[in-house]
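Some structures to go through are shown next.
Shared between the two complexes below is subunit A, which has subunit B as its partner in the first and subunit C in the second.
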Partner chain A sequence: MTRRGNSKLFFFIGPALLINLVIVLIPSVSTIVLSFFKWDGISKPIFVGFKNFETILKSSDFIAALSHNIIWTVVFLTIPVAMGLIGAELLRKTKWDFLQAFYFFPVILPIVVVGIIWGKIYHPIHGIGKYIGVALLGKPSTALYAIMFANIWAWWGFLCAVFYSALQSIPKDLYEAAVLDGANNWQEFRYITLPGILPTIVFMEIMTIIWSFHVFDWIWVTTQGGPAGSTELLATLMYKKAFYSYKVGEAAAIGVIIAVLGMFATLIYYYLKKQKGVEV
Partner chain B sequence: MIVSSKLQLSGAFKSATILVSSNLKGGNKPMRKITFMILIVLFVFTLMYAQEKGKVTWWYETVTPENLQGLINDLVKPFENSHPGVEVEITVKDQLREVLRAAIVAGEGPDIVMTMGPAEANRYAKAGLLLPLDEYIRAAGLDSEIPSLFLDIGKVKGKVYSIPKTIESMGIIYNKSLFEENGWKVPTNREEWVTLCEKIKRKGIIPVAAGNSTWRPTNEHYVTVYLNHYAGPENVYKALTGQMSWSDPIFVKAIEMFKNDFKKYWPDFSTYSTMAAEDIVPMVAMRQAAMLVIGTWGFQWMGDPAYWPSDDEWGWAPFPSLNENVPYPIVDIGIGTTLSVNKNSEHPDLAADFLISMFKNKEGLAKLQRDFPGEWVAPVDIPSESIPEEVDPVFVEHIQTQYKLLKEGNYGYTTWTFLGPETWQWCYEGIEKVWLDQMTPEEYMKKWDEIFKKELEEGIVPPVPPRR
Partner chain C sequence: MNLASKFTIYALLFIFLAYSIFPLYIAVSASLKDRRELFLDPLGFPDRLHFENYAKAFNSTNLKQAYVNSSILVLGTIAGVLVTAIPAAYALAKINFRFNSLLIGYFFFCTTIPAQLSIIPLYFMFSKLHLTNSFIGLILLYIASFTPFSILLMRSYFVSIPNELLEAALIDGASTWQAFWKIIFPVARPGVITTVVIVSMWSWNNFILPLTFINKQNLTPVTVAIAMLRGKWSAAWEVIMAASILGALPIGILFAILHRRFIAGLAGTGLKG
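Up next is the complex of A and B:
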């Protein structure tokens, strides 16, 4: 490529690169740096080394929030993925493509709106809580699962759309041959569909792990981490540390831990990518 | 400051005009084009400056449009009318605390700084981000009018940086019609409180309507009341000033008593965690519950048919004494919000003038009791004759009682005003573990004491003025 070509290239990618630098790289580096400082967000930061990490990792609130995140991840790695796969396979079999719009509709709604609506649905006086005799968002044993249920309702349509799109790349004659060989629906799904879209499934599973550790809005709109900390996640804990406790350094440390967990998931993805059958 | 800036600007503009006009007359074509563009730019900047020179900006917390209009009509417009060319611009910010901090620390933010209380305001003051207000307060004579307690708590290194906009206190708002029909009396001591609650329960009515779904720190309102009304304000004062441990048995007993009362007389925890004002106030109005244990802000909902959809009357009373050694009545005094001036304001004098004018405008403050009840109980003496007739007489009774008890020294301390941020957070988060039997009251107060001592050492506990 000529020098003129290089400069043209830079002209096109420059703005995106600049935005990435300003919005992503600088705050990320600042967060890592701040995690080594004691700072209330207002006065001068004081260097404390790894003390913030030590404090956070020993804190029962952090352990509880991490366990909630792990539960969240396990649920979202299974239930909505299974629903998305089944939905996509059914769309392929029935060819009722118009249903995609219905499945996808909750995805486009703002999370704040959906969260508030589900809060009203669960309400013990004005919602289903009155009839089932349980305030689902008010009980520590049910609150997290109630929120996950609402999130799955709003999310599985996205996975269905992604998997259905991936299905289009599977040659149709494979299914025709399978039918001729006497394969039933389950066998078609198990031996053609799943292997055919395995790279997409793996990619979405890894993204689910990463996104699961970023969840904030669902919790904040519905329970703000309550009742009694039963829905506290790492992101909400981080927010409270920064803005309620004035411990920005500890909040940054939690942010770094979340990023490390995300990187770990990414490494798993790159390892799996190299395995036979999963390569993209 | 404004006048001198105008002179400087007019001097610069004059020099620029002389240069430009000579180029326009004698210069060549490109030069004339450049000169013309400079003229346009200068004109635009002058226009911008001229428009901005009289603007005071203020970021306000979440508020209804009606209440905001009341504030504008009663306090803002009178100031603008008496200061021609000056505009006060109020912007409502949903997450005010978070966005305010980011802006102020970056050297930006509004001229009028509204914080959740002296704990927050004092942090900004310590970091040199707020303007000292002593000079302005003295010049306006407010130092002899505002009780010293409310000025002293906003002091950092001897200077005042914030003035409370709202003095609030905890008490009971109850369904007066329900009480009268059943012959129930407002309780004044522990025995009367328990007897009343049991009578209410036997009628199938919840004694205390409460919920924290939209504001989790609501829990601390009740903790405040039980600490002050059982352990006593003197002991709370000693603990706040480090003279007494928060893990002292008297505080542990207060929490134990509260835990038992919460389980018996409040809604069950799972329901409590999902209810908000729009649920609990109508419950009292419709006789599904009998009382609210609530602060001054509760009056913003009284008289609103959406919250009080019945013809029943309401009443207010101080919370009863829970210990024979604690006098009745006392009120637990808090500061809901404070107002300060941003050190980086472009017009600090103008902003300070506006801030002070709000506290001097007694007529406007009186009208706000009608137009924005429960949220603008400023710490100044408002003549009762200036309070509009439409103002809820129960609310007037509450404010007057609050002020009277404060002056007499019969007051306690609210947790949201007098604790450091981490102790405050533990106060309302930890109590849920006590309610759910995940932690004993001893363990709760022990951790409270540990966190408080750390914050006291770090100097982030707001100063508590000596009791009278």
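Up next is the complex of A and C:
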């Protein structure tokens, strides 16, 4: 490529790359660096090696948040994916794809707004709590599940649309042939739909693992991690450590752990793609 | 297909529909009740429609100012994303260079890393540069957060434009720049509109960034303003619900008009190219 071509290329990509470098890449690398320092945000940072990670991994707050995150991930890997698959398959069979927009609508609403609406739905006086006698968000044993139920409401429609869109590439005559051969609904789903969109399912499962560790808004607007830490997730714990208790180094260590877990999921994806030939 | 399984299929679709709509019904009905009725019958239909709750939500809170603030943020972000992402998407789709696929991979990687990984150093950096409590600062954060996705999305549209079209224009003596605006852009317009729609939604809905980088009440966008309402108006659920609906309304209307673009952009196969 000529020098003229190079300068043109820089003109095209430069602005996007520059803003990305300054606001995404450099701060992300800085977080990794900060995770090795003890810092309160004001005084001079002190290098402490892996001590932040040690402190974090030994603290019960972190272990609790991590286990909530794992529960969250397992639930989101299964329930909304199953709902999305069922929804997509039924939309295909009925051709009622106008319903897709209704299912998708909760996905695009601000989480702050829908979080507050679900807070009202669960409310012990102004919601279903009045009738069932339980404040679902106020009890440590139910709060996390109540938030997950609300988040699934605003999530499964997205998966349904993803799967429905992937379904469009399966040749129609496969289904027609199956029906002629006497296949029932389940067999159509099991032997045509499922293998046909398997790469998309795998991709969404991997993204689910990554996204599950980023969840913040839902918790922040409903319970802020309470009651008694029962809904604390890694992202909210990190936020509190950084901006409320000024343990910036420990917060950065949690940020690094969140990112590493995400990268681990990405590695699994590339492994599946290379080794098992799952094509995406 | 027999009648029973047909019935099951439609029943399931209907249950999904009810699940999707039910919380919205609760919010709308609560926003139209007076406080007494809301207390006595929190989930039923309103007796009389109290539209004054909406006037109260809009006028007695700082929602009006928040609307203006969010609108500025959305417009600034759209402009910034388009200016940076369109040329980048074009270059990654149509110019062959050494780091092309590496950059595509990098931008994909960016869409998978969380705001949490960069937010702490960013906060201290922006404080030093006086970019906290600043629309410019927040818009820069939004642009940086949303460009990787926008580049990948628009690239998938640019790629589908045949090279012959471009070559013909270049042979006729058009510059790359002319070729871009006269040939590529018109064909890629659906991709650009989809990007605009999704970036509007993300910048209107974002919460963690203004929560962190804005702490002056007259600068807060709608999401943060609504989240703050609960402290001040904790007993007035009818006002909170009206404010929440007003907060979601612009995005709701956008979705009602352009839901195909939302779905194609977020759930279509475009991103995986």
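We adopt the following convention: the second predicted complex is superposed on the first by the 267 of 280 C-alpha atoms of A that agree within 3 Å, B and C clash if a C-alpha of one lies under 4 Å from a C-alpha of the other, contacts with A are read in each partner's own complex, and residues count from 1 in each chain.
Just so we're on the same page, a contact is a pair of C-beta atoms (placed from the backbone, for glycine too) under 8 Å apart; a residue touches a chain by one contact, two chains touch by 3 or more.
What you see is a predicted model; the values in this text were computed from it and never measured.
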Contacts of A:F243 with subunit B and subunit C, given as first, second, both or neither: both
Partner chain(s) touched by A:A65 [first = subunit B, second = subunit C, both, neither]: neither
Just subunit B (first), just subunit C (second), both, or neither: which does A:I201 touch? neither
Thinking of the overlay built on chain A, is A:A135 touched by subunit B (first), by subunit C (second), by both, or by neither? first
Does subunit B (first) or subunit C (second) touch A:A101, or do both, or does neither? second
Have a look at where A:D40 lands relative to subunit B and subunit C in the superposition and call it first, second, both or neither. first
Identify the partner contact of A:Q224: answer first if only subunit B is touched, second if only subunit C is, both if each is, neither if none is. first
One more residue to check, A:H214. First (subunit B), second (subunit C), both or neither? second
Output check: A:I125 vs subunit B and subunit C. Expected answer is one of first, second, both, neither. What do you get? both
Specify the partner with more touching residues on subunit A, choosing between subunit B and subunit C. C
For subunit A, what residues appear in both contact lists, the one with subunit B and the one with subunit C? 41, 119, 123, 125-126, 243
Residues of subunit A touching subunit B in their complex? 40-43, 119, 122-126, 129, 134-135, 137-140, 143, 223-229, 240, 243-247
State the interface residues of subunit C toward subunit A in the complex, per the touch definition above. 1, 5, 9-10, 12-13, 16-17, 19-21, 23-24, 26-27, 30, 38-39, 42-43, 83-85, 87-88, 90-92, 95, 97-98, 103, 107, 109-110, 112-125, 140-141, 143-145, 147-148, 151, 176, 201, 204-205, 207-208, 211-212, 222-224, 226-227, 230, 237, 240-241, 244-245, 247-248, 251-252, 255, 259, 262-264, 266-269, 272
Complex contact set, residues of subunit A against subunit C: 1, 8-9, 11-13, 15-17, 19-20, 22-24, 26-28, 30-31, 34, 41, 83, 86-87, 90-91, 93-94, 96, 99-114, 116-121, 123, 125-128, 130-131, 150, 153, 157-158, 161-162, 164-166, 169, 185, 200, 203, 207, 210, 213-214, 216-217, 220-221, 235, 238-239, 242-243, 248, 251-252, 255-256, 258-259, 262, 266, 280
Quick check: in the complex, which residue numbers of subunit B touch subunit A? 97-98, 101, 104-105, 123-124, 126-127, 129, 212-213, 216, 269-275, 279, 421-422, 425, 429, 432-433, 435-436, 438, 460
